[in-house]
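Got a structure for you, written out below as structure tokens; questions coming shortly.
A, B, C, D, E, F and G label the chains in the order they appear, each numbered from 1.
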Amino acid sequence: MESTAADIFLQRVLGAIWPGAQTMPAWLGYSVLLLLGAALIIGWMSLLALAWTYGERRIAGLIQVRLGPNRVGPQGILQPLADGIKLLVKEDVVPAVAYRFIYTLAPLIVFVGALLPFIVLPFSERLVISNIELGLYFVLAFEAIEVIGVLMAGWAPGSKWSLYGGMRLAAQMLSYEIPMGLCALVIIILTGSVNLGEIVAWQSRDAWFMEHPWIFGWAIFRSPAALLAFVMFYVGGLAATKRAPFDLPEAESELVAGYHTEYSGMRFAFFFMAEYASMYVICALATILFLGGWHAPIPRPELAADASLMEIWSRLAAAHGAAGTGVAGKFGAFGGSLIALLTDPGALKILLHQTFGVVNLLLKTFLLYFVMIWVRWTLPRLRIDQVMYLCLKVFLPFSVACVVWALIQVVMLG
Amino acid sequence: MTPQEIHARLTERFGDAIGPWTEPERGDPHIAVAPGSLHAVCAFLRDDPELKFDYLQLISGVDWTDRLSSVYHLMSLSHGHGVVLRVDLERGNPRVASVADLWPTADWHEREAWDLLGIVYEGHPGLRRILLPEDWEGHPLRKDYAAPAAYHGVTNA
Amino acid sequence: MSGLSAFLALDGGAPVGLHAYLLVAALLFAFGLTACLARRNAIGILIGIELILNAAILNFMAFWRFGASGDDVSGPMFGIFMIILAACEAAVALAVLLNLYFNFGTVEVDDIAQLRR
Amino acid sequence: MSANPPASPPRTAEQMLREAITDPRELTRYLSYLDRIKSEGMGTSVMVAPLEAAINWARANSLWPLTFGLACCAIEMMAVGASRFDLDRFGAGAFRPTPRQADLMIVAGTVTHKMAPRVMRLYEQIPEPKFVMAMGACTIGGGPYVKHGYHVVKGIDRIVPVDIYVPGCPPRPEALLDALFKLQARIGSDRPLAARWSKRAENELTGSARP
Amino acid sequence: MPETLAAAPWQGANLSFWLIAALVLISGGFAAFTRNIVQAAYSLFFTLVGMAGLYILLGSPFLAITQVIIYVGGILVLLMFGVLLTNRPLERARRGQGRLYVVGAVVAALALAMVLLRIVFTTEWMTGSAAVEPVGGTRPIGRLLLTEYLLPFELAGMLLLLGLIGAAYLVRRRET
Amino acid sequence: MTLLTAPRPDTLRTEELLVNMGPQHPSTHGVLRLVVRTDGEIVREAWPQIGFLHRCFEKVAESVTYAQVTPYCDRMDYLASMNNGLAWCLAVERLGGIEVPERAAYLRVMMAELNRIASHLLAFGTYALDLGAFTPFLYGFRERELILSIFEKISGGRLLYHYPRLGGVARDLTPELAGEIRAFIAQMRRAWPEYNELLSENQIFIKRTANVGVIPAAMAVAYGLTGPCLRGSGVKFDLRRAKPYSLYERFDFDIPVGEGIKGEVGDCWDRYWVRMREIIESLRIIEQALDGLPEGEIQTKVSRTLKLPAGEVYVPCENPRGESGYYLISDGKTSPLRVKARGPSFNNLSITHALVRDVLIADVVAIVGSIDIVLGEVDR
Amino acid sequence: MKDYFRNLWAGIVTTWVGMRLTLRYLIKPSVTLRYPEERPVIPAGYRGIHGYDEEKCSVCKSCAAACPVDCITIEQLGRGKDAMVMRFEVDYSRCLFCDLCTIPCPTQCIWLSERYDLAGYTREECRIDFARPKSPEEIAAHEELLRKKEEEKKAKAAAAAAAKAKKEAETKAAAEASAPQAGDAPTRDGAA
């Protein structure tokens, strides 16, 4: 088996901190790794959800010429925390007619469905949990798991409103998936890859007969097909994340609260977090596919180095790890290697470069995030047949046209 | 047409079923109609091209303590005139024909009069209580009605 | 413990082999067949068919992986075609099913057989 | 004859119990129940005080109301949610359409006998902790319809326990906000861990005995 | 003495295999035998996802993701849609299957399973060396689809189109 | 208990679902309950169930004096409390032969029209809310607050005003307040196009409302629809013109009717658009009333224990939702023998069953929202 | 086909128009009243909680009579000019804030003030007694006063009766030369 970042991490880094890791059973090591990764993703998801519920309420407040939460903590930033704690300690109600098992499982599946794409979603060139070859394909596929979870949530509690919510999402999903996939196909055709890293790398290559195209290297500026595809992908993404004007599965004025009508407390919080996480996934994916990912619109110094941060870290950690004995010593060694890493000019260069990339990506992603919120607080909701009309009769032909255009462009321009 | 002219026309057509014309000192005049011919009168009022009462404003039940009445306020949107019909009913057995087949709007008004005053509209498609719960006892707008002490365990005092 | 461990190849010297995959596929196939035979609900039968198809794909994949031909992609290729067929089959089956439902008001195949006009 | 005290002090749970329950056996049972709640509260206070404070803080600052309007007062309730008064500033602006996700039921308007079972059911559907605000005269005691309204429930506290009363017909939005502050203050003095299950119990005991 | 990580990196894969196999078999069995059709559809979800995991272990992530996107995202959603549409969804009373049927089917299935297992474990399969990693990436698949497998590819496309038209025809609204 | 008023079971087919919308449902505008029979997303039939807010107004009115009924009238259609109080006062004044000073009549018109705007703004906002747009609701409320602050100054109440009194009005208009009203008119004229930008002209909104819930003119008349619901179907009938009261004949204004700009005449969009245009017309009336406001008394002397002569009277008024009137029977005592209130929403709502046939769930919300009911006067 | 593109174009344009509007509002200042810090200006004549001036009140109870819901309860010690208000309680779980009680008041001792906040934790808190609390001494003093006045009145009445009786007796005596018995003294009215 090729040695992956996971193996390097397990064998060298963990080994440097705790030499026993080298000899521990493999399954334990993998489990630790799994838990660590999951904790990271869940932490990031929660942070996103917390930050953006606050953000959304403040932005909505601004749009609606009011203030939004500003009392809990300075400027109200502790508001999501209060909401979170409250939901955590709220009584957990399971309706008597519910199928308990599926009822309990549904929010978890939705949550996991929202979580899975993070595995392959890069934050920057190197900062990705698993850079698999089929990254784009993976993200699109695992969006579907959430839908199954929502269907479960719709059916299990035995409430009619939930059921309608679930069925609406099923119908909606069958219509938005296809145009969204085709829009992604446009990028696959243009770049010739389904790897997210490669797609971004392609967007920094020479284009328009310029050596450093910067902003003009982004996919949306390279081809009009990509620009159109971006718009359709983004609108389809709104439908995928069940955001207004496509919030039919939870349409408040029609279906009470749709598929999560019967969910309370922490289970509801799972749905809530999943929504914000999948918003992030869609926005980040749109950024990566169409908006140049971690490439800045302005030129930046070429800081990229060949060595990966992990390599340097493991080298340093191994060097320090040998010295430590005893728990204190090991922690000392860990700290030492950390400091060494932070002062190593090579590592610093990489770090700076990666940080710049992360900031870029997040800025663009959050801009799209903001647009989602902006749209939500502006537009009325569509009707289910109109969603299908939009997706199947408007987006589908246009996305097919985009694919054809992209093919022609690739064949003609090479 | 003034109410008096309408009254004249109705008397000409229906004879004794229509009460005599009285001009009140103040307020609106009304035309008394015998309960038996109410439906025919209403149909005539609606369909006659000169009268053409296409708009039923409201039906109200009234408890006069000695008798009940059902009062119909009619208006013609095309001619702009209006008329008030009143049917006096026995207090013990208030029955009158429904006009819900002539004006759909009468449906709810008649259900309301049944609900609050207990007037039975014969031929109504579904004469059920409308405002009060189905198992409510009595008709509250009757003058001798006493509110229940409790309803489904919620005291009313 | 060691026997189970050995069977599961957890402490053996090699990854799990062909037999393990074939075992899973065989059981899944049997499940699918049972569902097909025992279910009266048309959707249940459809579910059984899906199980059978999955068992078949797993067989193809296992033989491809552990078989002699290691350098082509015939296994996934078969899998892909089968999935496509399954999708097609599901769509048509569902259409038939809804049609049945609209006509007979039920998807229980026995009832439909009796209700045949 | 003596002058009335300006405002009677709030009665203790025990006092209310003694007034509400006539059967002596029942009363002893309820009183021991109350003692247990209290003693549990006392016993754990040192350990869990900071945690309780945090929970109370979260609950008080995240009172999601139920989208539930009955009559005139509901319009003022909407006004409180609107831009000028902006309930959202206090974290209470997330109106939830479903009782499962709500914390606060603002009963805004006249409750009729036909509506009463629904109000009760909605209350029961809200998961603990739940708070009820009786907004407007009609809700508190039948209001203008108290004399001749045969179909009006003369006070919502006959069917569900009420945490705070906001008189007015309808109350000004500011009055509603004030009531929210008072409710938050009251939540701040709750003992959520010590008496986890006891709120409902205490309501049953002291509040209006529901039929 | 369990192997250490450094010495046997494949152990994780083995463990994963057995976990996933258990998931597939349990949920598959549930899908086949449960009396509630909705639950059957939901447990099919776990079977299908588990199968995707097996495909990854077998070295073809592409097929695994295809499985998820088409089977889970498409077929299963369709299936559930059908179930919810036709199953009087909120009616909790379930009708039992014919007892005789079940017994017969289980016997037949058991017999079949025995035969299959016997074949599996007694046949000398012609296996290559498992150490050789077969290629399962996207690029060769794509290339082959348009060269060697062009005819099946086109046929499959045709079939899909026909299926689509057929399905649309079947459920069209009949004007009376 | 819940099924008591539900339709008979034999009228139902089993595979269809019977769903209760309300009484607690975000889009039923209070406590309306709709029993809908659905087939998938399609609503086959809907039965409105009312009475959850039956506050016994008519019984109360029989038990108190004429002056004491007035505040109860405010609570009938609590969104148009000025108009309701006006209708009651007109009825009593006509039976009692009470003359109202001209200035008071002008003030009544002005306040009634302001209240019409406030009510239409709320209808605009809640309709947007029904269709999933939250922001227009808040924008509508923002302008509504301006009206409320005017009302607060002239009547002392924010929602229930008790402003028209028997024989006049409660308080006089001060010049400062007149200035404030003029400022409001200017602000409203600025905000109105914004509403249209945000909602009326929005393609999603149009697609949701045009050709949905079409009421043909004949059907509207047969069901006794009035107000914007009737005018939305193209019938030019407005009591302010047809039977002018309170000096309405002196004012110049247009009666907007549905023209089927975005779809068929009488669809939801037409009803909505009639309301929006009425806002502008009301502004015109208010301006004229401000310009022509005569000097003089605002209240004639009315006996505290007013006794009306025996007789009956019915005075309809054009409320924001349609014809609202009080049928008043007096037997010469200090309190009426019978008061029947005709609330426009009661009639307008009764068309729901005929209108909601084979439409989508989302359309039910759009249709009920476009009728713009207030349960206070439906249930009374 | 033409409709298709027209719809599409209208959709894009109107969506953009709406979003432009909300974006403009994003940077506009809010209209929110920061309530607990910023108090609203309550206009004069606002119909809030009652104001009551006990000094002016003549305890005529016409406010209570005018109230459609009987939410005003008045208890008094003594009658007429000498009455002392013991309780002037308004039940805000009934009050309509309709202003009808202030109209008949002859002394303008009751009015609706600008106060609005009344929220309380119990239903009893919704009843407000506006009367000044009286000390027992005060009550005793007033009772004393009443008694004195009563006695005075009685004495006066007795005197008047006596005078009248005398006069009558005189006239009668003059007429018939026989005098009837004087009428009973009026009975004492207790405090209500």
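Everything that follows uses one rule, which is that a residue touches a chain if its C-beta (ideal position, glycine included) is under 8 Å from a C-beta of that chain, and two chains touch if they have at least 3 such contacts.
On a predicted model such as this, the values are computed, not experimentally measured, just so you know.
Any chain that touches subunit B and also touches subunit D is listed here: F. Two chains share more touching C-beta pairs than any other pair, namely C-E. Comparing the centres of all chains, each the average of its CA atoms, the largest separation from subunit C belongs to G. The most distant chain from subunit E, with centres taken as the mean of CA atoms, is G. Averaged C-alpha coordinates put the centre of subunit B at 42 Å from the centre of subunit G. One finds 64 Å separating the Cα centroids of subunit A and subunit G.
Chain centres here are Cα means. That of subunit B falls 70 Å from that of subunit E.
Our note on geometry: subunit D versus subunit F, Cα centroid distance of 33 Å, whole angstroms. In subunit F, the residues touching two or more other chains are 15, 17, 25-26, 40, 51, 54, 56, 59, 64, 71-72, 135, 138-139, 142, 145, 160, 198-199, 202, 204, 379. Shared contact sites, meaning residues of subunit A that touch two or more other chains, fall at 61, 63-67, 160, 167, 252, 256, 377-379. Residue positions of subunit D touching 2 or more other chains: 67, 82-84, 86, 89, 97, 114, 117, 144, 147, 150-151, 169, 172. Looking at the complex, you find that subunit A touches subunit D at residues 57, 61, 64-72, 76, 78-79, 81-86, 89-93, 252, 256-257, 260-265, 268. Note for the complex: subunit D touches subunit G at residues 1-8, 10-11, 83-86, 89, 137, 140-144, 146-147, 155, 157, 162-169, 171-172, 174-175, 177-179, 181-182, 186.
Of all the residues in subunit A, the ones that touch subunit E in their complex are 1, 7, 10-11, 21-27, 29-30, 97, 99, 102, 132-134, 137-138, 140-145, 147-148, 151-152, 154-155, 158, 160, 163, 166-167, 170-171, 173-174, 177, 194. The part of subunit G that touches subunit F in the complex is made up of residues 7, 10-11, 13-15, 17-18, 21-22, 31, 43, 45-47, 66, 68, 96-100, 103-104, 112. On the side of subunit G, the complex with subunit A involves touching residues 8, 15, 18-19, 21-23, 25-32, 34.
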